[in-house]
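Structure record follows, encoded as structure tokens.
By written order: A, B, C and D. Residues from 1 in each chain.
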Amino acid sequence: MRDQSSAPVGSAFGRFLFMTTQNAAPELLVEKWFNTDHPLTLSGLRGRVVVLAAFQVLCPDSIASGVPQARRIYETFAPSDVTVIGMHTTFEHHDAFNSAVLKAFIQEYRLKFPIALDQPNAAGPIPHTMERYKMRGTPSLVLIDRHGMVRKHAFGAVDDLRIGAEIGALTQEAAAAIAHSSAA
Amino acid sequence: MRDQSSAPVGSAFGRFLFMTTQNAAPELLVEKWFNTDHPLTLSGLRGRVVVLAAFQVLCPDSIASGVPQARRIYETFAPSDVTVIGMHTTFEHHDAFNSAVLKAFIQEYRLKFPIALDQPNAAGPIPHTMERYKMRGTPSLVLIDRHGMVRKHAFGAVDDLRIGAEIGALTQEAAAAIAHSSAA
Amino acid sequence: MRDQSSAPVGSAFGRFLFMTTQNAAPELLVEKWFNTDHPLTLSGLRGRVVVLAAFQVLCPDSIASGVPQARRIYETFAPSDVTVIGMHTTFEHHDAFNSAVLKAFIQEYRLKFPIALDQPNAAGPIPHTMERYKMRGTPSLVLIDRHGMVRKHAFGAVDDLRIGAEIGALTQEAAAAIAHSSAA
Amino acid sequence: MRDQSSAPVGSAFGRFLFMTTQNAAPELLVEKWFNTDHPLTLSGLRGRVVVLAAFQVLCPDSIASGVPQARRIYETFAPSDVTVIGMHTTFEHHDAFNSAVLKAFIQEYRLKFPIALDQPNAAGPIPHTMERYKMRGTPSLVLIDRHGMVRKHAFGAVDDLRIGAEIGALTQEAAAAIAHSSAA
């Protein structure tokens, strides 16, 4: 498993050295939403920090670390500031999985944050959102800043302390931008 | 146990609503230092975020949660950006404790960050730094910003995700301030 | 949740006071077996201690405690002495579950001990083995002695130390019986 | 760390193959007792299973695994059947340790079972009981059967399930012996 976040957080060289990417986040492609009245889009969430947590019900690491961490992030930050989105990226066990499994899973684990079922891809086993983000597997965690840029993309377990620091840092960016504007 | 950090992190009302205090951090009063060539002072650390982690060797919650979390913070952030200081605030079991106990403890737990033995108070059982900070007990965690202000003061266990977010947010402040200056 | 094993283990009053039942174990009714070349029967396992661990893939407590404990029991005792059988008792989420889910689950969690899919009941949601054993839900743990008697029946999480003691005690019974015989 | 209990429990070859030793347990040599009105001796405990748990306050593994396991054993078994004795074997950090440290430790961790301070040895750093038992370090766990024989001697962490099984098996021995007698 490759964890892209092994470097110390923070640096004399720049504010976001610990952030590993700087690309525009592709829009989500979703077959079905749970825990939300209306479909969510990244463009509609511009201005908020977005935490995209990819998982699978039949992936032990997703159940042991990915999903519980997504829940803790959801419970720690104000949703209007940091929006957590679960994304079930079904890229294996297609014969075993169906949306009723995901629905029952969400109910049993009492998950309250919005969860999407990634859109299947007729051309292969990798669903569309997973493919667009070039995720290596599950669990994967993507941090998207207030401007819609991908600032972190991690595969596998990530420390709470580090991911907390990175989200906390991202929440401060807009304020800085506003400060810039008002100082201008 | 009173946990001062139960409110959601972040808010539409301000950048640091989750920070609970805004007072100048009193200087440390120390009897003896470990893991540092020279005594540390908060004034000498101005410009860095400082994490002050108070603990006691004979306090079960310190051993189970406070000290391991201080170690994780130390291992996550660059010391030149976020400085972790352990502070042994001996306010009970004075007959049992001595500095050789602390020395052996640091060695056995392989702690690498600077650790201070709080200065005893001839007037009573509460040592000087603990008294100045009005700590309620151990473990206690104090976050001090780059300008020497106390921004959080928690007693008891604190979630890694939340404390990571708060430290991460504090690390961004100086950059914002510099941006202000250069924008002026 | 009712845990039937809250009394201290052992007693001056009898060898197995901590055992809560003493009924003949009903034979298993199974739709499909995994991890075994041939169907297992309790009658065929007479002479061994049998640990019957009921679980469901979509039951959080089963995943967090029941299944991992069954695995640890399997890894601790010699299978020829203590046989662990997992039993998927599908009594809810019938629309979501199918045997392919169980097959994928066993593969992903790398479970090596024999696992049965409880036989569905045309008359209602509770499958046959679960009904015969009057299980209250999942996870449930049943200890069956060398003579085919149910000696413990617990619903919910059970301490490793206690369940270890109970299995360890049961493994000693046959030897005592043999001693009896040879002494006669 | 050498863990002497890596073989599967139980066997076709004998009842106690998993037990690693079969020597008479040396009597305890104790400087000071806590949590008991009178000094305990192994000879006075004949007829009971005795769990001897050696630890040190300044040993991280003792605090993380040894002492909590001793507490769980104490809480699981009836003391009249299985007697747990903690033994502080001070073989290092003699300058840091004193009996007041142990007293405060017992109080803070709310330990209720009898705890002994091993008798210092004028001839060297290893206290007398530790030397008699040839313990390799802390934590060490010794199981003594109803006849005063050492049946297990482990250094380092031991699984709850395995140690539970071994204690559970030992509790059954006396009953078997009684059965022998009455059958004769």
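Everything that follows uses one rule, which is that contacts are C-beta pairs under 8 Å (C-beta built on N, C-alpha and C of every residue); 3 or more make two chains touch, one makes a residue touch a chain.
Just so it is clear, the structure is predicted and the values come from calculations on it, not from any experiment.
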Worksheet, complete the sentence: Separation of chain B from chain C in touching-chain steps, minimised, is 2
Practice prompt. Work out which chains are contact partners of both chain A and chain B.
Written response: none
Discussion item. Going by average Cα coordinates, which chain is farthest removed from chain B?
Written reply: C
Discussion item. What's the distance between the Cα centroids of chain A and chain D, rounded to whole Å?
Written reply: 49
Worksheet item: Which integer distance in Å separates the CA centroid of chain C from that of chain D?
Response: 31
Discussion item. With centres defined as the mean C-alpha position, give me the chain A-chain C separation in Å.
Written reply: 39
Worksheet item: When you draw the chains as points and link the ones that touch, which shape shows up: line, ring, star, complete, or other?
Response: ring
Discussion item. I'd like to see which chains touch which, written out pair by pair.
Written reply: A-B, A-C, B-D, C-D
Practice prompt. Under the touch definition given earlier, write down the residues of chain A that touch chain B in their complex.
Written response: 8-12, 15, 69, 72-73, 76-78, 80-82, 159-169, 171-173, 175-176, 179-180, 183-184
Worksheet item: Which residues of chain C touch chain A in the complex?
Response: 58-60, 63, 93, 95-98, 100-101, 103-105, 108-109
